[in-house]
Every structure is written in C-alpha cells, then in structure tokens.
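Naming follows writing order (A, B, C and D), and every chain is counted from residue 1.
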Amino acid sequence: MPTKKELLTSPIQHIDIKQHNVVPMVDAMHSMAYSSRDLARAASIYERMLRDQECGVILCLAGSLISAGLKQIFVDLIRNNMVDAVVSTGANIVDQDFFEALGYKHWIADDLYRQGTEDATLRELMIDRIYDTLIDEEELRLCDDTCKVIADALNPRPYSSREFIREMGAYLEKQGKTPEKGGVDSIIYSAYQTDVPIFVPAFSDCSAGFGLVAHQHGRGDKPKVSIDSVKDFYELTQLKIANPTTGLLMIGGGVPKNFAQDIVVAAEILGLDAPMHKYAIQITVADVRDGALSSSTLKEASSWGKVDTTFEQMVYSEATLALPMITGYAYHKKAHAQRKQRRWSRLLEPVTA
Amino acid sequence: MPTKKELLTSPIQHIDIKQHNVVPMVDAMHSMAYSSRDLARAASIYERMLRDQECGVILCLAGSLISAGLKQIFVDLIRNNMVDAVVSTGANIVDQDFFEALGYKHWIADDLYRQGTEDATLRELMIDRIYDTLIDEEELRLCDDTCKVIADALNPRPYSSREFIREMGAYLEKQGKTPEKGGVDSIIYSAYQTDVPIFVPAFSDCSAGFGLVAHQHGRGDKPKVSIDSVKDFYELTQLKIANPTTGLLMIGGGVPKNFAQDIVVAAEILGLDAPMHKYAIQITVADVRDGALSSSTLKEASSWGKVDTTFEQMVYSEATLALPMITGYAYHKKAHAQRKQRRWSRLLEPVTA
Amino acid sequence: MPTKKELLTSPIQHIDIKQHNVVPMVDAMHSMAYSSRDLARAASIYERMLRDQECGVILCLAGSLISAGLKQIFVDLIRNNMVDAVVSTGANIVDQDFFEALGYKHWIADDLYRQGTEDATLRELMIDRIYDTLIDEEELRLCDDTCKVIADALNPRPYSSREFIREMGAYLEKQGKTPEKGGVDSIIYSAYQTDVPIFVPAFSDCSAGFGLVAHQHGRGDKPKVSIDSVKDFYELTQLKIANPTTGLLMIGGGVPKNFAQDIVVAAEILGLDAPMHKYAIQITVADVRDGALSSSTLKEASSWGKVDTTFEQMVYSEATLALPMITGYAYHKKAHAQRKQRRWSRLLEPVTA
Amino acid sequence: MPTKKELLTSPIQHIDIKQHNVVPMVDAMHSMAYSSRDLARAASIYERMLRDQECGVILCLAGSLISAGLKQIFVDLIRNNMVDAVVSTGANIVDQDFFEALGYKHWIADDLYRQGTEDATLRELMIDRIYDTLIDEEELRLCDDTCKVIADALNPRPYSSREFIREMGAYLEKQGKTPEKGGVDSIIYSAYQTDVPIFVPAFSDCSAGFGLVAHQHGRGDKPKVSIDSVKDFYELTQLKIANPTTGLLMIGGGVPKNFAQDIVVAAEILGLDAPMHKYAIQITVADVRDGALSSSTLKEASSWGKVDTTFEQMVYSEATLALPMITGYAYHKKAHAQRKQRRWSRLLEPVTA
C-alpha cells in the first residue's frame, strides 16, 4: 500500500482567467451550434448584466467547484466587482474554500485511484475522494474543528449563514490567513473585504455542520449558536427589494438555484412587488427529463414568475470547461469597468458577535 | 387563451405499489444486464435491510417526487414500517405533500404546455409548471400562508425542521385534514402518527420558507421562530448513535444524500464511533462525470467512511420507473413483516411548542 | 488469476414478457409524471399501431440489447405478429442473436469485473466485456467463421444484408440450430420462418464483417460476395411504398433510426409520395443537447417530413427497464389479435444464392 | 408565416483553430479536475500520437459536426497532415460537407425555431432542422441528385464507400467547386488532394443513399453501381496491416467508432497480428450506463483487444466545446511539424471508374 504522502503529490491549481483572453474564440462560437453557441450567448448575457448599471449579480454555486480548480475565478469575480452576492452549497465555501484558506490543498488522483476500485485503500489512508481528486481527511477534520472554534467564540443566538461566514472571514484576517500575510486568497476572505455577502442555505450540510454540531453538543443545555436558514432567506430577499434588477450566474442547480430564484416570490409575499430576475445563466449537465429543479429550464422558472425569458441561457457543459470561457469573456471585454460596487453586506443588519 | 380551469382538469394520481406484484418481473431482471440488473440488486438490498432486525432505514428524497405520483409509495413505506426516518428537500414535504394534504392537487400538463413555449401563458394564468405537471399558484400561496399560521402559533425559539414538520402534522390533525376525516393521506401525517421523524435540512428553501419569512417579517424586532439546521444535523446524528446499523434508500442526490451520509462522520466527531451505513441504494440519472455529490458513486462515499461497499447499489433510472419496482418488490416479499417499529421521534427531545 | 470458466458461470437469461402482465401498472403510470407517463403513452401508441390494420411495424434496434437479456422479447414480437420488419445494428443480429443461436451464451460479470480495472485480466483470458456482461472471445471467433462459411457457399454477387441474413436463417435450419431441434430460438430464425425481413445497413460493422472480410480475402481476385447497403435501402423503401402506413418502434438511435426514418424521403425521390411514419416511439437515454441524430426528438424528424407528430413519444429510459413494459403492455392487451401477417420478405426479390 | 428566406439569414460559420492559441489554457487545465483535466490529457495524447513517427491517425466522426461549425477543423487537420484516414457517418461527409462544397450553407435557427414547436411550419417551408440549425431541404435534394449523377457516370460494379467518395472529390475538382476556383474548401476535396481515404461504412444511410437508390432504381435490371461495405472494412484493415501503429481521434461513437476499433481484430483474422490501437481519444456525452458501444469506455475496448490502455482518454463534453481545444492544442504546439505524409489512398487499389 502506498503512503498518504505518495498519493498526495500533485496539487489542484486554480485556473486564472485573467491570463487567457478567450474573447475571439467565444465570439467565433456565436456562429456555431449546440453548446458552443449557447455558451457564447451566455457569455454575452453575463457581459450585458455587468454593463447594466441597475443590475445586482448573484452567483450560485453547486457541485464541487473549488476542489476542481475554479476557486480563483470566483475570487477574481469578487475582487473585480463582477458579482454582488454568492449563494452556495456548504462544501464549496467551507470544506473547500475555507479549507484552502487555512493552508490545505486538493490533490490530483492518478488514474488508478479515480476508478473507485481503490476506495478501500483510500479509506485506510484517511484520504477522501471527489471523483478524480483527493483530500487529506485529517486536514478536513481540522477545518471542522476551526468552525467549532469560531462558533464557540460567538454570542449564542440564531445566525444567518451569511453572518457566520462573515465571522469566518474575520477569523482568517485575525489569523493572518490572507494573501497580504502570505496565505492564499479565498472566496470567503475576498468577499469579507469587499462586503459581498455569502449565503449557504443548507449550512449544516458541510464541514461547518460538523463543527457546529460539536459546538451545540459541547454547550449542552446552555445557550448556543444556531443557524437560522429563514434569516438567510429574509436577508437575500431584502437585497432583492433594495436592488430590484437582478441577474443570476448559476453553476449547477440544487438548493442555491432554487433559493436564489425564490426571492422574487418572497419579496412579493412581503408585499413588495419585485420584478423577475432579468438575466439568468445556468451551466449544468443535468438532464431535464428527470423533472428535478436542478435540471429544469429557465423557461420553466418563468412560469413561476421567477426568471424573465428575454436574457436567459442554459449551457450544457461540465463547469470546468464552460465557466472559464464565460467569465473570461466578460472579464476581457471589461464589462465590469463602469460597475459600481454594491457592498451588500452593509445593507444587512450589522453582525454583532 | 384557455382558462386556468381548462388547463387543470386531469389530476396526477399516485401509484399504489400494493396493487402490483412486481416480484416475478424483478426476479427475472436479476439475470439481465445494465439498469434492470442493478434495479433487481437494489430491490434485494432493500429487502435485506428490512429483514436485518438491527437496521434503521433512512429514506432520502430529492427531485420533485410527490408531484410526480410517488406520494402513496412513501406513505405506504411509513405506514408499513418500511422506513424509520425521512430526509428530504422542502419541495417534496411542504410544497407538494403538505400542499396535497391541505386538499390541493397536481395536474397533468398536456403536450402543448410541457414544451416551455407556453410558459408566458401559464405565468399569466398563475399556473406553475414542473416539467410536465401544473400547479395552481394561488393554492400554493395558501400553502405558504398556512406555514406562517403554524409559525405564528409557536413559542418563539430555534426549531429543528423536524420539530416544525411535526407541528405541521399536528396542524393537519387539528384541522381534520386526515384520511380519517375524509382528507387525503400524506407523508407528514402518516409520519406524525407513527413517530417517523422528517428532516428537511434546507427548510427555508421551499413553501415553508415563504411562510417563515413572512412570520419573521411580521414579528419585526420581537422574538420569533427560527429554523436551526444544526439542530437537524444533531438530531439525526443522535439517531445514528442510538441505532448504529443503518441503511439508506435514496431517490436523487442533493442535500438529503449528503446530509444523511454525513451523520456517520458527525457521530465520530461527537466521540462515538458509529459504523458506516451498512446498506445504500441510490436511484438517479445524474451523470458521474460532473464530479458533483448528487452523481457521485456510493463507492466514492466509502472513501469518506460513510457508506460500506458490500451492499450498495446505484440504479440509473428516472425514479418514477425504478421506485415502484424496488419498493414494490420488498413490499410483496413481505420483507418488513417481522420488523419492529422504531418510533424514532420519541427518542428526540419532546416538542414543546 | 481466475480461469475463464470461473468467470463465465452465470448466464444472461432473457426476460419473457408473456409471464408478466404489466397492464395495470402501465395504466397507473398514465396519471403520473416524467418517464412513467411517457412510457405509458408509448405503450398506448404501440398498442394503437398494432390495432391499426393498415400499419406495418418496423422495429429498430441499436445498443447491445440481445446480450442484455432482451432477445426473447424480439422473438416474441416476431412470432406473435407484432412486428413486420427489423432494422438493426450488426452486433445485435450477428454477434449476439446468431451467436446465441449457434449455442453460445452471454455471461453476467460480477461486481469486480464490471469496473474496468480488470480488463487486462479479461484480455488475457480472451474474454470480451460489454459493460456488465462477458463473452467468450473464442466462441465469438467461431461465430465470425460461420459467417465466412455462409458467404463461401453463396453465389458471388452483391447482396443486401437482408438477403444475407435470410441465408443465416437457412443455415440455422439446415444445421438444426432451431427450437424444434433442441436449440434456442433466435430473432434470425423466427424471422426466417415468418418472412420478417431483417436489415442491417452497416453490415460489415459486426462479426459478419469479420467473416466477410475473410471471405473476400480468401477469394482474392475471383468473384466474391459483397454486401450492397444501397440495396438494403432500396428494399426497405419498396416495403414503405407497398404499405404506406407505417409505425416505428425504436430502441436506441444510430444508423437503424436514421435508416428507417429516411425511407419516407427515399420513396418520394422514387416519385412515390409516401406518407410520413404515422407512429413512432423511441426509447433512449441519449441527451438531446449534443445535436446528434440518436438523441434528436421525433418532433425534429417531423421537420424533415419523416415522422408525423400526432402519435410520437420519446421515452427516456435505459431499454432493459422500459422495453418489457411497453411491449408487455401491448402483448397482454392482445393488441395484435386481429393483425394480418405481412410476410414482407416475400414482397422482395427472391433470394437466389 | 415567415418566408424561407427570412428564416435562413445567419449562416453557420466554421471555427478556425489556427486563429486561437489555446495552449496556455489547456496547459492550465492539466491541474484542474473533471472534464477539463480529461480534455487536457486528451490534447496531450493527440500531440503525442502526432509526434510518434510510426503512428497513423484515424479520425472518426459521428454526430452532426459539420453543420455545427466544425468543418474547418477537419479540413485543417487534413491539410496540415494531422490525420491519415477518416471514418465517418454519411451525414457529415455527404449531407453536410459535400453539401457545403456544392455551395450551400447551414443556418442558425433563432430561439423560437429551435424549440420543436414550430416544426410544422418548417415542414411547410421545406426547411429541415438539426437541433438549433436549419437546412434548405430543396438544396439538400440537389445534393442527393448530384450523388446520382456521380453514380450514373461510374462503371457499374461494387465500390467501397472510399472509392465512391474519392469520385465525389474528383467531381468537385471537375466542377470547379474548390477553393482554387472560388468555392469553399471541404473535407472531401482536401482529402482528395492529399490522398487521405474517407470511409463511410453505412454509406446508404445519408444523402448519397438517396442518390444511389435513385441510380439503382433507374438502372432497373441493368448493371449498376453498388456500395460494398465489406470492401471498406477490408481496405481499412489493409491500412492497419501496412501501418501497425495507430491512434484514434473519435468524436461521438456509433458505427465509425466500432468500425475503426474492429480493424485490429480483422487484421488478426486475416492472419496478421496487428497491435491494438496505441492511442485513443473519444469525445462524447453518451452515458456509459446504457451499455451501448457509443458510450462504452476505452478500457472496455481493451478487453476486446482493440485499444491499448496506456494512452486512452474519454472526454465528457459536447464536441463543439472540446474539439477546438484538443485539436487547437496539438496544432499550436506544432506536433505535426515533423510528420510524414502517408497518402494512404495510394496504398489501396487504384480507383478505376
């Protein structure tokens, strides 16, 4: 049996869209067919939503994207004012982004270890597998523990995930886990610095959940931190109300897609008639024929009054191929050049830990 | 333009596995190939986990399953003691199951209206579409409102989704929305009666979210009900600790799959070494190659120490085809005949509204 | 390393739809959603095309279906007068059906051997793998050789694949490889007996191709048998002209789907205005978004004037699940009871070897 | 109803990989995950097979690729000595490439017309649809007719598709449908000029089939041109024997994939022990779980002794996204710089019309 160290030698490296001017290639794809044409149209819609001065942009993340080498893209979108809020699964934000911010890495699985037949060996070595990528489970446990440490230090009350994630940003700053101090950059820290709120509506469903369960377990009958997902929904809805024109850039489906689409209806329920999301892009390989929300078309969302149909585009592609092209296109066309910074976190109630 | 009434004439009807003895056909499939053989093996594993007296069965639901005609299956599993806990998306439990319990229905979309090209018409008529199925949006709003009514009546504090859903069961009983009183049966009510806990880890991401946002908005600065997803995770983990041998019957992936798998690790973090899930079945059409959790193999989960590989089976099929066969097989083989009722809700802290 | 014999112990067994009355279950699926409703509608369309006295039914086979345990279904369709012509890939008809008619079997791969990681072992043992199914390559070579033997005995000239396959039926009869003589039944032999023509438009792309290449190689410069795929197309078009009302039952896509759809246009080119296929069903898991013919909708085929849209249905399912239900439904509803036998082989030029 | 002219205004334009240096981006993808890493590995394998002086490269085409804007890539591969033989479906080579060589175009379908709901209108206007692309059916009929004209002029005997396609190249030259004479370049013509053989094993399954059926119909009992698919197989096998080291670059599956893989076995049957294909790449979105050849892994092919597993890579992507990157990578790395031209057509029997 190999050692853990032997298996964890080649790290995942994050693609830097700033280095690759894909504009000419994406422009060529406008006159092709199938996914390339859809991708080109999606890129143009993203460009258009960035140029629309009224439009707030919500980025939705599902699937294991950070471990796949896409982290730098999201950091660049945040730092270049190309996104105003993030809605994500917990795995992306905590297990993967925060994990890397703490100094850990994801590793390339070589061919033998991505087949599934060696998973018992990986188990024994305490290595976790995500398809073709490996993680040191012992490091992941340290990530869980850090979430407990953060919770333990907080005033016990219900928090939105957004509030808690902001505390994670503050923790990184305090610990010097920042690019300024020689650490790696992260979604959490860049969003912390630029007041971009991050929502994880199913926040206990990740490494943070482990830390928080340990926290609540440790507190016993005493007051404890809880995570109020209703508050997340309420906060995101308030942003929609404050900034009625919105666009969605969605990778994958799942809870983030549903959650972000639903705020239109939530605003209406609060008596404030918000318009549908004006722009919407989804990158996915999910097949529409199973009827699930993840794969449902953006046209279907229009029947629910959630997404307008003028500027919507589904892109049928695994995200590591499509996302660098769509975001790189908007970046190199400088679509964000005139964009005002929204600093939406400041609109929400001050975090009082 | 047609009227709403003209479009909503043929209701979805739920398949009754008790009427269809699929045992001979599934047995034949054991000697075929591809999905049929996988399905037969999954059916045998489900049979086996029901016959295993030690095994607690956790049912995981993702995708729009109730609207698709599968509700009666889940009710039958609960009433026949074939499942001990449910982990689900909110849409299945609130927007669809609770919605039907309140007396509303889902409707078959005829060919023209399932294409997507008539979604603007549907929008105008306040009809929502799920692929080939239609819903009266005004009725759905009444479902949202009912969630608010339930929240308004509760003692303001953090609740697990399980606690809140139990209150929804109590509400149905109080309002006479039960089969005994001439209403239709439901997952929520059957689980309420049999003490089967239902967890919805992303509880604000559904009709209940709308009601709860309205509740919190209405309360302003006063104490309010919040939904603590950490508590859900803690509760489900306690069940795993109390009943170490477990099996998963998963339809779709998403948060329910991840959440239920994670309790093995959570138990370990609490210092109680729980075994991996001994049995696991997942029905899905998600393609493994996008690397997402929803599509990840159960072998991959074994590298995380979550699922044992001896009795695991992925079934590649849309659920409306595979689920009646897998569950019908176990039902007609009377695999549950000797099973003890677990009444897991009673293990958890008493609901004190 | 195991021996070949150890790996080839559990044979694939073909499902017998005559034993499973799926009518009540399929009827229930009419009021469900997604694939189940589509499947129920497809079953009704197949029933309808069998009850339509004018309608000739063309069965199209792509994918490895015979090796998967579906052979008996096709034999039953032929023997019960539920299909009038077959268009197939070569693998189904030669490598798998003829192969089994010669007395060989397909074998169930156990879990370890279906993962792909043991393929080098299989290679060494001369075992071929089809996903989760194993074949003795040495037996397959005997199947190739038999095709050469048949070709060597024929008058050297261009043959349609249909003519050649008819000779294969005659060979089985001559060799006593028939159910009457204690052999197993086959698509080729049942079609031979009932004058159901079988077309394999890419006939060299299978075991027969190996035999025929050996034949042509052996003949050197002397006259040889050749396979004229134009003749296939011409013959099938003649059937369309002779029997203008037609229906397609398609499993998978590929050449068979395209070929059978195209005869409408071919008839028109010959100056005989044939109507579009009146009925069409396709079972497939191919995703429409790659733009390929295999996955293209039947509505798209209507733009080409090939398929009418009144009675068409795509069913999104792997075939081993959907086909027994669709064909079993029509069989148990006795849709074929009043059907006249067409014996289309007799319409085509007599085979003169 | 719009006019045909109004619908056919924006032509598909073919992407030019020579204009887009994707090397840095593909190199970055080597350290990512999922499809991007697979794509990068595939690009490296293609580079490697071009640098291997022994290796003959066979390009396999399935799916509607030319109509999708990929034609120029294939022309560039041929003209830059990056491919030695082509195996394709008929649609790509005849209905699309030859069609464009005759001066016709493919057209972008706007959003309304790609949904399927307007196919009756398209039918009436004699416009054919391929997913999101439109074709003038009257022009396609002229393409069919041209195939008949070519056949009528040939000496009546069995031809391999390769021989016939070479005649199509000669026809283009004779008619001045060449870039030199102001026409557009084509796969057929570039291959004609460079002696790259093109095989279409199911040759009657396309526009050529229509022309050839008309030809055979017109000839009645007189001698006629036939297309011998066995001869195709024999010829391609002879190339494998003459040049034992081979690599496959496959887009899609279907007959081309099977056919090209099978020549290893065919060589063996002719008594000449040819090695497995040393390199193999397949770009596809087909899901492996249906067991079909199109989706089967290249590892599975190794069990059949067809493909070596050292340098094989499946890439899960729709081709319009992946192919420009894979081929562009090899092109811009000048992998072909030292490659010798094989002119394989000259190895095969001289075409004697």
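In this text, a contact is a pair of C-beta atoms (placed from the backbone, for glycine too) under 8 Å apart; a residue touches a chain by one contact, two chains touch by 3 or more.
Small disclaimer: the values here were computed from a predicted structure and weren't measured.
Contact with chain A and chain B alike is made by C, D. The geometric centre of chain A is 47 Å away from that of chain C, both derived from CA atoms.
If you average the CA atoms of chain C and of chain D, the two centres end up 26 Å from each other.
Once the centre of each chain is set as its mean CA position, chain A and chain D turn out to be 40 Å apart. For chain C, residues that reach two or more other chains under the stated contact definition are 33-35, 64, 68, 116-117, 130-133, 285, 287, 289-291, 316, 318-319. Taken chain by chain, the contacts link every pair, so each chain touches all the others.
Residue ranges on chain D touching chain B, taken from their complex, read 33-35, 112, 115-117, 287, 289-291, 316. Here chain C touches chain D in the complex through residues 62-64, 68, 89, 91, 116-117, 119-120, 122-123, 127-133, 137, 141, 144, 158, 201-205, 209-210, 212-217, 225-234, 237, 252, 254-255, 258-259, 262, 265-266, 269-270, 285-294, 296-297, 299-300, 302-305, 309, 318-319, going by the rule given at the top. Across the complex, chain C is touched by residues 10-16, 19-20, 22, 24-25, 28-29, 31-37, 39, 64, 67-70, 106, 108, 130-133, 285, 316-322, 324 of chain B.
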